[in-house]
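Right after this note come the structures.
Next, two complexes with chain A in common: one pairs it with chain B, the other with chain C.
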Partner chain A sequence: MARPNEGTPLLEVRNLEVRYEPKASRSLTAVQDVNFTIAPGEFVGLIGESGSGKTTLATALLRLLEKPGRISNGTIMFDGTDITHLDQDELRAIRWRDLSTVFQSSMNSLNPVVRIEPQFRDAIEQHSDLRGEDVSARVRELFDMVFIDHRFITAFPHELSGGMKQRVNLALALALDPKLVLLDEPTTGLDVVVQHSILQNVRKLQEEKGFAVLFISHDIGTVLDLSDRILVMYSGRIVEDQTAAELLREPLHPYTKGLLGSYGDPRAETVRITYIPGRPPDLSLVSEGCSFAPRCPEKIDRCLTEYPELLPIESGEVACHVAALHRLVGADGIELPERNRRFVGPEFVKTADESAHARERDIVLTVDNVTKVFEKRRGLKVDRTVAVADTSFVLRKGAVTALVGQSGSGKSTLARMITGIDSPTEGRIVFHGPDGDQEVASFRGRALRSYRSHVQMVFQDPYSALNPTKRLGQILERPLVNYHGLKGDARRKRVEELLETVALTPADRFINRYAYELSGGQRQRVVIARALAVLPEVIVADEPISSLDVSIRAEILELLNDLVQDHDVGILYITHDLLSARMLADEVIVLNEGRVVEQGPVLQVIRDPQDPYTRTLLDAVPNPF
Partner chain B sequence: MRYFLRKLGFFLGTLWAVVTLNFMIPRLQPGDPAELMVRRLQGKDSQLDTAQVEAMRSMLGAPDGSLWTQYWAYLADLLRGDFGVSYTYYPFSVAEVIGQAIWWTVGLVVVTQIISFVVGIVLGAYAAWRRNSKLDTTITLGSTFLGTLQPFWIALVLLYVFGYTLGWFPTSGGYSASTPGLNMFFIEEVLSHSTLPAVALLIVTPIGWILGMRNTMIMNLGEDYIRLAKAKGLPDRTVALRYAARNALLPSVTGFALALGSVLGGTILVETVFDYPGLGRLMGEAVSNKDYPLLQTLMLLTTTGVLIANLIADLLYGVLDPRARRAEG
Partner chain C sequence: MSTTPNDFMAEGEPDQGQAVEQVGSSTTPDSWWQVVWSSKKARVGLVILGLYVLMAVFAPLIAPHDPLDGSFTPLLPPSGEHWLGTNTNGRDIASQLIFGSRISLLVGLFGGALATAIALVVGLVSGYTEGTIVDDVLSFVTNVALVIPALPLIITLVAYSDTRGVWLIVGIIALTSWAGAARGKRAQIITLRNRDFVTSAKFSGEGSARIIFSEIMPNMSSLVVAGFVGAATGAVGAEAGLAVLGLGDTRSVSWGTMLYQADAQGAIQQGLLTWIFAPGLALAILITAMSFINFGVDLLSNPHLRED
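Up next, the complex of A and B:
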């Protein structure tokens, strides 16, 4: 494996600092004192949570920063040239030929009004001697590398699916055999199975062609799977720089430990995952000491006053006082926390026998041979799409059923039928509520409203689910007024109770805040509190954690789990992620193209998947362990 | 292909409806439509002007025969370009009167529109590409200022300064002493007569294109495909033209087709101020003289112009933006 001190590095970043100085708001330092190198042919991962400055760093490396952002300090050496202050004309010589990129969420990276081939051609002709048919031949070759049919070469970008676009972007990045490719979350937002296959493709091509990669992701599992070496970024700084193997064996920075702790082996009898409480600091405020200190379980006094330098420790570099004291200088009379490989913060534990009990509880909802067919009229023809075919399962009180499947497999259609938004084409969904057994499809008007107070929905995106103009108190009061007619003090008390249930404490500190003032995890808590307001029997949670940072996902899982234990709620947990399904659910149903392909106790399905599709899904879960 | 056929079908349908309405409306009342119409135009008590009734009748066609035969006769007349006789310019037919005026307007307005569009797009794109530069500020502030002025007022100022005070350009008409035809003298006169109205239009019309193009282009410059084009190391020209301007142009091109369509309605104010013999002035005359056949034909022409412009805009959009074709086709 290539190490930074072997030979000359391809990329060498020294003391890099990037500031955003917008006119309308406070300036902030998004990248601070960043030092690292990438050797030729090395695959380096860069990981950090949302807002930690990964994209800013990548944009600075590409010299594409635009106002109000600028490189305010430091140097970037690329392939022996200092590119920090080269002007655009001088940069043109290395662009794409030596240094190319795939952008984050690059669904929109291709010019929408131009066919794909000319978008390859302009770059290729700009930087090489290929012309005419030779360029076309090269494009065909590139399409082969990413397994895309040649007929799409002349397509327009909108004619491609998300995954195909991403493959095309990858092919475009490789068009001129660059020396370094920056991949900024190239697959975020794509289906897990698609993600997995694209990333495997990247890794294979990288090994064959020998280009170096800086691979940015917020998902440590994927990064560990692919990278030779990993940079961990926190609030604009690199806090740990280690080979992947070392990082996995012995993470040194508590933040790294926290990220690793958010993974567990879903096959184990007892799975523990940790989460990092709190949220990252506001970068526009100058902080003293270690920026991770407010969330760090290992902090000592010194952490609050002195920023820890990035020091070589063992095979890598780490910026942490405690790690340095443990491994370099010795405690020297300072009282230190124990040396620990794990994150010694809050954790969420799931054992196998909990589930065994849950599977004997009373049934609240039965889905009985349900089929849903969508018909779309196109001229005289009618397109029939079978979204869900002949599906049966039950939801139990105080138990969680996970519905797993890739996008388009019919998960959300089932959720919509269960909440009464849609009705099945065939089969029945029966609610075993306080008024006896009732068929969901038969509810109208008042009956439907009262049913909705028994069955609540939590959506994927906590950012759009909350009205930005309302205070949290008002958001939570709405359902209380609508469904229970609560007034005055009683209502206020209930709102406080709800906030406390979802651990937004003390409640009076949150009641008057707006949703945009909260972190993603806190917002999702509010969404859950709102669902709980009506005392539902069933909660349908559609990918409730997939838009959250890994470091806080476990926190929401734990909250949902507590609801199941303490309030006897039944949850239908929709996800494409088998690890979180294992953590939360007692039973799992695997859907593929609208059909149930496998169904049973979670641990059994995960340990011994019968269906090939379940195995594909399991393989797609990054598993660094 | 389906997209284009659908748009064409829609166009033909609307055109038919417009033409038919034009036929139906005067015939909805009982009695001799020609006489009724003239009465309405002149007021109840006045003497019925037989010449006017005649003109009206010849425009409406003989009121005998079933509605069907009338309708077919009307359609046949339309196809032959027979719109009846103008009251104001009696005994000239409406077709002749319009046929004269249309070239003046087309010449003046279409040419200034095209120049305005090109100038506007280029300035707007340039301002956006070099945004916040001195040039951008000058362009943007300048056009915003000019945009607050009334075109009518600008025309008057031009007329006063360059026409009456300095006497550089003739103050009214399309030509004066020459014989129309392809001779140097006539062409020179046409050019000098149309300079002031053209300048008046050229001051006002590009503003919309400049500001519109600048805004869309600035928005587009933030898109990922622009950043990627820069990362590809393409020359600035290519990024600005093929990536940014090409996309930012889309809304303007449709706007342009529509603007050309309403040209036939004429630039009434400017033409009236300069007493320019185009469709705009004609429209003004038709209104004030209650020249019903002329007015109705001008309306039909304007509506048709707008419809054709719409069709062209749609077709162009389909050619320029591949996404539009799929979304509807």
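Up next, the complex of A and C:
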């Protein structure tokens, strides 16, 4: 294989098109006319929301596409070789040695029945001349690179934590000093703090070893932190290709502006975050014009009829008529929207002075010195795990209390105790309801059921929180039947009212739909509507936005905020993300390993964190600005 | 406080409506019958089963004679009058074969349905209450039902019962064949019962019975259907087997009783092949057809099988 000359790209993708052609349903073009290059040693980010074709593109680059998907057009040149049509045997020589990857589901990509070392040994011996002790030495070296203790070299995968597994996968990807490493959302599902440290680790290693990286993520914040250059993907096409600094200084495509707008500085006096309304187009339908036009606040007539070419504008490339007219050709008599750095769509604004009065409202639930210990019997030994230790706080009517901490900090255990699923080992949780003060742990059977008409829950994953076999109307009417005994027209009217409250309008268009017909954001609205149906005093929202695309998170935060204002509910907002806590909450409680380490008005805690752990969490908030 | 600086795509704007409509049309999954029909094997099975059902329903119109009429000359060869000839008792074999389909299909339908119903109730309730005393009791009963040798039990039960009707057969087949399916259902519901939508149903104030049968069960409907087709196939075979052993209802005509009589009269030794082969083949084809249908039903529960 010829060595590439200086200046020739390591990876060159030309006119790549990937089509899925299933027999049973309509075929679609998941990746369309994609052109880009990656230079040796370059760190390139690829961002886009779910369904934009990022993972399909990655799979195509690795030549791992499976039927019914296929590369229908274009070429992929890797290191001077056209790999578009190489057969599997020829690919095997390149894979892992020159081109390696860390997959999205890497948590499961280690063989559970084989120890870690043999898994490294397999890959290393297949592609190099190292044998015996040399391989072991190499594995130790790799473990040092990703900061894992050598005693885990001989462990089984299940003995490692999620973050450690991911570091092992990273080490495995680097085992043969590849030229290009493809990272497909490598930290999705990991804790924020762990995520942050792994990605910093990747960046440092990349700078030391000089390999190139294609880093795929839906989270523009982390991508901006790490990458030299960024590709923005929307509905199967690259819409913007810019250096990270330039993209941040002046994003050109309105979609990029929208993605950037979903971040803000939590410390600021007034925080504005924007969201992109609507949802990405259905790729199996032929569409005319720019695919972003239906969601674009800057669209002009031309956008509806002509797809914009990816044109070089300033230092990068952008596919947008408006940007091109602004910067290349001149307006030419066409009326153009103003040049704007921000996304001029809907936004959610939080100022500093709103929270003050909320902290004087009536207390609706008191958590009083609560401790929860889990005991696990193993033979004669009893393992005691303290999930929550001596925690006290209150929830107020019409106010939002945020419970912040990384996974394992006891947030969910507290939520389970507050909703009556678990009971505390020590301490009391008291509900100050219409029937006087009642201890939550004492509720059984009917009492627990009636307690739940006061305390409702919003779940993390709207995809699993809605029964896939039921229509939205059926889902929403159940609490009304069970708690309020509503029937017939009154019930239907209330269901429609609920849908309108969460802005699923007109209601009759949604009432007979199934959950799979909705986008993630719309689903979460339904989940919120169901929680709201019984007019509860308290809503426990367990990470309600963390499984949603970044571009629509603000939409849900805004809705929750409106509920607090209009319906006077108290929300316990559980999150690991201090930015969203800042946007929504009046008061914040920071939990670490089951203990409250800091507690107070949200702005005060964020601006002047007293505990080192709060600072760690703050540092993990991606802040591109 | 929130603001929307320009009313871009506010509620009810045409763009948004369009986006929603577009969603509905494109992501609707195929309905279940389309999926089953998409499998060639299932199509063959369904067509054959359809023909059997037509034959059973219209038996009096199709059959040339009364199946129990013994007034014909015994041992006639096949002819225009007697399509498959007559047997040693002077009965028309073709008419017996046509009327016999009624018993097989009836036992298949009701035996399968009853076995599935028992399996569902026992399996779902025990799985949903996993770890409690209810689960312990139901699992114990299931395990006992699994290890009891079914055939001797069936023979004993039938031999000692006073009546020998179809319904006795249906009941006994159901009672002895539900246990394996109940185990399967129990395992399935354990994977489903910790989904968020089940927790959220509890928050909606639903009771356990409603959660099990209205919230969770529809999510495993394809597996329930597959279980039913399997149980029905088993019941058809079991009925024939019992009849061959002489434990069937002697007053009615079924393929099993035909085989029993043919065997008892030494049909093979006498070379009366149509008498033996016609009911055997009819049974074999029906059971094959039902197995074919299950290939299609498998596609419902496992979408990965649908491509190619």
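We adopt the following convention: the second predicted complex is superposed on the first by the 619 of 625 C-alpha atoms of A that agree within 3 Å, B and C clash if a C-alpha of one lies under 4 Å from a C-alpha of the other, contacts with A are read in each partner's own complex, and residues count from 1 in each chain.
Here is the rule we go by: contacts are C-beta pairs under 8 Å (C-beta built on N, C-alpha and C of every residue); 3 or more make two chains touch, one makes a residue touch a chain.
The model shown is predicted, which means the values in this text are computed figures rather than measured ones.
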{"item": "Touch count on chain A, higher of chain B and chain C", "value": "C"}
{"item": "Touching partner for A:D562 - first (chain B), second (chain C), both, neither", "value": "second"}
{"item": "Partner chain in contact with A:T401 - chain B first, chain C second, else both or neither", "value": "neither"}
{"item": "Partner chain(s) touched by A:N111 [first = chain B, second = chain C, both, neither]", "value": "first"}
{"item": "Partner chain in contact with A:D282 - chain B first, chain C second, else both or neither", "value": "second"}
{"item": "First, second, both or neither for A:V344, with chain B first and chain C second", "value": "second"}
{"item": "Touching partner for A:R95 - first (chain B), second (chain C), both, neither", "value": "first"}
{"item": "Intersection of the chain A residues that touch chain B with those that touch chain C", "value": "none"}
{"item": "Contacting residues of chain A [partner chain B, same complex]", "value": "62, 64, 88, 91-97, 100-101, 103, 105-106, 108-114, 122-123, 126-127, 156, 158-159"}
{"item": "For the chain C and chain A complex, residues of the former touching the latter", "value": "1-6, 8-9, 11-12, 15-20, 22-24, 26-30, 38, 195-197, 199-206, 215, 218-219, 221, 306-308"}
{"item": "Footprint of chain A on chain B - complex, ascending", "value": "223-225, 227-236, 238, 242-243, 246-247, 250, 320-323, 326"}
{"item": "Residues on chain A engaged by chain C in the complex (per definition of touch)", "value": "22-26, 67-68, 277-279, 281-282, 284-285, 294-295, 297, 344-351, 354, 419, 449, 452-453, 456-457, 459-461, 464-470, 478-479, 482-483, 503, 505-506, 509-510, 513, 516-519, 527, 530-531, 533-534, 558, 561-562, 565"}
